[in-house]
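As structure tokens, here come the structures.
Here chain A shows up in two complexes: once beside chain B, once beside chain C.
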Partner chain A sequence: MLAYLVRRLLYALPILIGVNVITFALFFVVNTPDDMARMQLGVKRVTPEAIDKWKAQRGYDKPLFINDAASGSAVFTDTIFFSKSARMFAGDFGRAEDGRDIAREITSRMGPSLAIALPTFVLGLLVTVSFALMLTFFRASYLDFWGVVLCVAMMSISGLFYIIGGQFLISKLWKLVPISGYGSGLDAWKFVILPVLIGVISGIGSSTRWYRTIFLEEISRDYVRTARAKGLSELVVLFRHVLRNAMIPILTGVVVVIPLLFMGSLLTESFFGIPGLGSYTIDAINAQDFAVVRAMVFIGSVLYIVGLILTDLSYTFVDPRIRFN
Partner chain B sequence: MRFPRLALLSLLLMLTACASEQNDPYPKAERGKNILYSAFTDRPKHLDPVQSYSEDEITFTAQIYEPPLQYHYLKRPYTLIPATSESVPVPRYYDAEGRELPADAPAAEIARSVYDIRIRPGIRYQPHPAFATDGKGQPVYGDLDAGKLHGIDAIADFAVTGSRELVADDYIYQIKRLAHPRLHSPIFSMMGERIIGLRELGSTLREADRELPPGAWLDLDRFSLAGVSRLDRYTYRIELRGKYPQFPYWLAMPFFAPVPREVDRFYSMPGMAEKNLTLDWYPVGTGPFMLTRNDPNSRMVLERNPNFHGETYPCVGEPGDAAAGLLDDCGKALPFIDKAVFSREKEAIPYWNKFLQGYYDASGISSDSFDQAVRLGVGGDVRLTDEMREKGIRLLTSVRPSVFYMGFNMLDPVVGGLSEQATKLRQALSIAIDQEEFISIFMNGRGIAATSPLPPGIFGYLEGEAGSNPVVYDWVDGRPRRKSIEEAKKLLAEAGWPNGRNARTGEPLVLNLDTTSGGMGEKSRLDWLTRQFAKLDIQLVVRSTDFNRFQEKIRKGAVQLYYLGWNADYPDPENFLFLLDGTDGKVAVGGENASNYVNPEYDRLFERMKNMESDGPRGAERLAIIREAIALLQHDAPWIFGFHPKSYTLGHSWLHNRKSTDVGNNILKYQRIDVAGRERLRQQWNEPVLWPLLAAVLLLVAVILPAAVGYRRRERGTAR
Partner chain C sequence: MAFLPVILWSDVLIWLLFATAAIFGWLSVRNPLWRTAWQRVGRSRAGMASATVLVVFVGVGLLDSIHYRPRLEEAAASAASGTSRQPPAYAVEVLSVLDAILTPLRTRNEKTYSEPLATRAYAKESIESRGADGQLQQSRDYPRLKHGGAHLGTDETQRDADIGQRLLRALALATLLWWALAAATAAGLARAESCTHEEAWRRIWHNESDFAWNAVLATIGVLLLVVLPLAALSFNYHVFGTDKVGQDVFYQVLKSVRTALVIGLVTTLVTLPLAIFLGVLAGYFRGWVDDLIQYLYTTLSSIPGVLLIAAAVLMMQVLIDNHPQWFATAAERADLRLLALCFILGVTSWTGLCRLLRGETLKLRELEYIQAAQAFGVADLRIIGRHILPNLMHIVIIALVMDFSSLVLAEAVLSYVGIGVDPTMISFGTMINNARMELAREPMVWWSLAAAFVFMFTLVLAANLLADAVRDAFDPRIAGSA
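The block that comes next holds the complex of A and B.
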């Protein structure tokens, strides 16, 4: 397994370099270092000298990819791309354009993001799997029919509607929890309830339909008939046999997103005033803060790769026949 | 039976917990405290007074830092008064030979202006570790490094703090910081032209910085600044090139606030920047408040500075202030509040709803909430809706010192230049675009149509017929009436474009408008604009682009028409009229004149006007020059004057002493809260509605019960 892991991690390197190159190219197609300087310095009373000074201080006065004026390896290393990207592979994200340390910022914002994403993920999984199993149990009945109709209706509604509707009903009309904001420590619970509830409800439609399809495929198999023939209750058949055998497709979709929970949600965090990584990314994009955008894309890519590796590993736990070669 | 009992108990517990104000976003410990609650939308980027220049930042910096001057809170027009200085400095003028000149000497003769600023003794800084000294007077935190900073993540983590008296050297140090090579002061270039020796200091510091290791402290006391000197412990002198009557306005901005040398030294120690311990994020000042929590992603907290030197609430204002209760606190000690909590609200809907629930003491009105808050009468009068009035909410309105306009690129061969034809074309378009309709449709009436660059409240702005734009309006029955479209068509024909076609070639007139994408509502705005041009049979091509490209096009003069706006730095007509100064063209010198308008006569008038004071014996002469310059602009029409926006602010009944101010920003110290009244109303407005919880439980039971029954039936049923 170790050799497999090492091989996968080595494969990840060119992927990460590729992601970096693409992010870099896309960003600088839209923004020039001059644009970035103007964004940071403001539009009032900005002189060309001030822009040059800003660029020089932050290393944006170099060529993007190739430095014709340099010699030797400096042709590639004395460029914006190399100077900004190389140290990320050593875990040094540097400073945001406003001077704050990106690593510290990410560390402090990870907590709020996880406080929303983790319960939403766990509760969402429990609710949708249970609901899907219930619909499977009552398959081809009115309950199943109306359950599917409900799911289709729920997945047809925009996520924004759930957020605004939830805030209107639960916070504004019924005044049960704060509309937005965040508190530290135990004070956080009252701010977390609403986004988590909305996150769970908004995800029910699509996830339930997906899991129901998987369970329906499993439930018609021979081993299920055998289990029933043994006299097992339907509940045991569903939870012990069907669920376990449906794990591979479930894990494929679920495990890969676990590491990405750290990245937070762009929309939810913005509407609920959660100071997490999702809103950090949005702020950075709006402020044309390349240092932060690059760091967040890089971390997102790393976490996605980690998620894929974890998914592969998880297969061996649910299906002992799977071996890494 | 165990499960239902447990569920019932949980439900009861939940209901008990929901007894009151469960939607309160603040900690329970803060209830009943003298705290003002507000919100901010965009995170402040810089709190260092040398860099901070945006509205998001000055909300905080203006409460912490004290420049020598400030604006009177109540008086209008805006009046400068001392903040830490003993008086508003009066400049002395000298010619090239060093001879003192009288105050009314011609500007051309003045080689040097000298401002002596004396600050009041006894003013002390907020407690801060940079000032902490041991028994021998040595700094406690004088030799920090990454190792010694272990366990310290915020300024509050330093065990020892100290304070010291404000002295003239602190102001001098900050002026030198404007030229610091590692800081990017937006006013350095401009002030480099004015303050003697500042530009040269910038070059010297750049050289010195190159010799230092990266990040090492650059001690500015080692370098002298020719135009700024210390006269005694409390007095310093600033010498400017020539005459610059607007300089005192700058002395009311945080750029000229004091920064002590030891604070600069403290934040420059190794390991501090890595922990975000910088002056940019932990400001140090003498003002009424100090920043005790800096989390620009979530919450910023200002608390009363225990060392604040004291100030009293003003006893005079403008007419109407007494009736509005704005003089009730005359002579009382400031500040009134102990703490101000600013929460970040990126979205308008939560912000508005929290204001209605009483969790913010004041709020602006977004377009989404406008109809819920305000009703416009037939005559354009504004009043609050019944819902707002029932809550005791008050409305404050004021016209902002800003102007929005559609500019013509005067370098463009079709719309530019000062030829009669091009001028008539611009005049025709000025008439055709109905600004009053725009304000009514797209701004909910929150603005007034502009007739010149000067907004109300700025010296030179005139009401009535004298202030009208005769090119665009007729004065009928004591009111301005926009000229008819026929008159605009006549002008267009005289311009060589009868019915929107070239008189010689018959080609249609197609104009290009460059604009930045403006989000929701942009399409309808542009459709409306296209229709305005179509009134003259002119085709409008809208070239929407992102902000960066737009700026680039403006810089290169690659636009024909464009939209822009300007917010005043200070309340002087020079700060608006310089936007059309021919010597400051965008294409020629990268200046602020985006229209690249050059009219030697206007430039001559502007040059005279900018060197004059509005008050004093030459005020009338200045006004006459301004009127003459504006008449030129109205005739030449390099801009289609758009509008001056009105700001609408809502305040709860418990918030006192709130007055709209768009220039003075240190307003927090004047605000007073009726804490008991706020608590009572909050409780009344936020009684939780509990039946939905019960309904949710019942709904859950209604779903689970049939499923459970169905399950049991299936389990007990016979196989089919």
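The block that comes next holds the complex of A and C.
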């Protein structure tokens, strides 16, 4: 198992390097640091001195890959690629436009993001899987038909409308919970309820349909017929046999996103004013803070790769036939 | 010439796509396997009803994809009198055929918000008027709209009666048109299947025809009942009200359709070649080619989509802002930005389809007929072209229709986040973005949001339903069992 993990991590390394190179190319080769400086300082009436100063402040005044002026290992380390991109592997993301350390900002913002994303994820999974099981139980009936119609209708509504509608109905009309904001510690609960609720509801449509397809595919197999033939009730068949065997396709889609929960959700957080990583990213996009966006891209990929490894590990728990090799 | 044709890049691509679809449709009619698959789609009632709705949307989008710059009036006048030898001047504004049709909607702007079908503005203002004694009087009242119900004059009490009358007339016309259409369809069917009209009529409504005529006719009926009254009222009232700067919301909604279509369709122009080419290459040649392509798409797909899009769009903005000289008009800039967004969306979303195609190719290349072809010494390219690609097409078509609705939804979210289309370009995303703060107003401004919701929901729902019908017809696993 350990050897397997080490091998997987070694596989992940070239992918991370690839991500790093792609982001580097995107941020420094497509546009030169001069372009970024002009953008930040305003395109018109910008002096070369101002650009140089902006670049020097952020360390963008070095050569891209090879610094001929330096000596020794500094030929490679005293460059933009090394100082801005390669150092991300060590968890050093540099500073944001407002001078704050990005790494520290990220650790402090993970909490609120997780407070929203984790309950949404768990509740959403429970609700959609049970809904899908119910539709499978009543398959080929009117309930199933209208359930699927409801799902298709729900997945045709933009996520924006769920948030706007939910905020309007629950916070403005019924005044049950505050419309947006966040509190510290346990006081946060009343700010968390609404985003979680909306997150769960907006995910019902597509996920339920997806799980229903998986269950229906499973239910037409021979082992299900055998189970029924030996006299098991439909409910037992559904929960003990179909659900368990459907775990592999479900896990494939589910486990990958668990690490990404740390990143929070861009939309929800910005609508509800939650000081998490999602709103951090949005603010960075709007302020055109390149360093923060670069850092988030990198972290996102790391978390995704962790998710892939976790997925493979989780297979062995639900299917003993799968071994690490 | 009274106008200067402007060919925007997205117009070219949209019409190119239209032509491709037409050619593809012709080809698939000749191929018996494809014909049966499409006939299965044609029998699906939900599929055909949604296809009818989509045809209307596509029609609006195509009309909005022929652009021109009108000639300026003064220049035209002076040129006609022959006093000046100046070259004719054209407006900077780029219009489309749809704009020309909707000229009353486009030009009759109010000062600010007004409710749907209102004759007076939404907020009170101080109005100066002359009283009976000739004195200037100031009063606070809802000012009369400049255009909304202007034909009524001062007689605003007649509004409801007027609207009712127009509605009745439109509904009557809609019913008449529908009956004519239904009768024509029955006549056509009777001739095609050489039976009596009554028999054809019965087959249509008892679902016994080979094509879901009943669904199409019913949908057309509903559409006529909705569209004609809207059209009848929209030229004298603001049917969906006006927004903050007084622009007609109905006009905005119609303009959003093209943006959504471009995003949903042009993106596939980027996705498909990448996914098909790389997927087939990886699956067919295996070895290091496979490793390289797998590495490429694993790397790309490991970057969370929104973040990669955000980073790419941010960089594109820098590029565009630093090169204002590339664009002659604002419309061209917005257009190129839209295409860049499509490109970015395409580059970030081909990986899923590529993985699917690679897996399928791996499976196909082990089959006997391909091994036989290889044993006969048929060239690899020929095997791919003749034996592998046609057997992958169902996956491609399913992916294509499935992606459309998610792309339309993605546009709204991205525009909200600020990494979508140009803020000056009318789209569902920008409409929602502008309208979302208005719910907090007192009294509430709900109509922009409601209109965007209804149109977007209809479009995406129709696309989803059609996608389901197409998937059911083309997926061999499902189609075989049914």
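Throughout what follows, the second predicted complex is superposed on the first by the 290 of 325 C-alpha atoms of A that agree within 3 Å, B and C clash if a C-alpha of one lies under 4 Å from a C-alpha of the other, contacts with A are read in each partner's own complex, and residues count from 1 in each chain.
Assume contacts are C-beta pairs under 8 Å (C-beta built on N, C-alpha and C of every residue); 3 or more make two chains touch, one makes a residue touch a chain.
None of the values given here were measured: they were computed from a predicted structure.
J.: Can A:Y315 be said to touch chain B (first), chain C (second), both, or neither?
T.: After superposing on A, A:Y315 lies clear of both chain B and chain C.
J.: For A:K172, select first, second, both or neither according to whether it touches chain B, chain C, the two together, or no partner.
T.: both
J.: In the overlaid three-chain picture, which partner chain does A:F215 touch, first (chain B) or second (chain C), both, or neither?
T.: neither
J.: Touch test for A:F121: chain B only (first), chain C only (second), both, or neither?
T.: A:F121 sits against neither chain B nor chain C.
J.: Tell me which partner A:V30 touches in the superposition: chain B (first), chain C (second), both or neither.
T.: Both partners.
J.: Look at A:F81 in the shared chain and tell me whether it touches chain B only, chain C only, both, or neither; answer first, second, both or neither.
T.: Neither partner.
J.: So, A:M263: does it touch chain B (first), chain C (second), both, or neither?
T.: second
J.: If we overlay the two complexes on their shared chain A, which of chain B and chain C does A:T47 touch? Say first, second, both or neither.
T.: first
J.: Identify the partner contact of A:R38: answer first if only chain B is touched, second if only chain C is, both if each is, neither if none is.
T.: both
J.: Return the chain, chain B or chain C, that is in touch with more residues of chain A.
T.: B
J.: Starting from the residues of chain A touching chain B, keep only those that also touch chain C in the other complex, and list them.
T.: Residues common to the chain A contacts of chain C and of chain B are 30-31, 35, 38-39, 43, 164, 172, 270, 288, listed in rising order.
J.: Within the complex, which stretch of chain A touches chain C?
T.: Per the stated touch rule, the residues are 14-15, 18-19, 22-23, 26-27, 30-31, 35-36, 38-39, 43, 152-153, 155-161, 164, 168, 172, 260, 263, 266-267, 270, 281-282, 285-286, 288, 290, 293-294, 296-297, 300-301, 304-305, 308.
J.: Once bound in the complex, which stretches of chain C touch chain A?
T.: 295-296, 298-300, 302-304, 306-308, 310-312, 314-315, 317-319, 321-322, 324, 405, 409, 412-413, 416-419, 428, 432, 436, 439-440, 449, 453, 456-457, 460-461, 464-465, 468
J.: Using the touch rule from the top, collect the residues of chain A that touch chain B in their complex.
T.: 30-32, 35, 38-50, 53-54, 57, 98-101, 104, 109, 112, 134, 137-138, 141, 143, 164, 167, 169-183, 187, 190-191, 233-235, 270-273, 275, 279-280, 283, 287-288
J.: Give every residue of chain B touching chain A within the complex, in rising order.
T.: It is residues 18, 21-25, 27, 43, 45-46, 53-54, 181-182, 184, 186-190, 273-276, 278, 280-281, 295, 297-298, 343-347, 349-350, 353-354, 356-357, 359, 546, 548, 551-552, 569, 590, 592, 686-690, 692-693, 706-707, 710-711, 714-715 of chain B that touch chain A.
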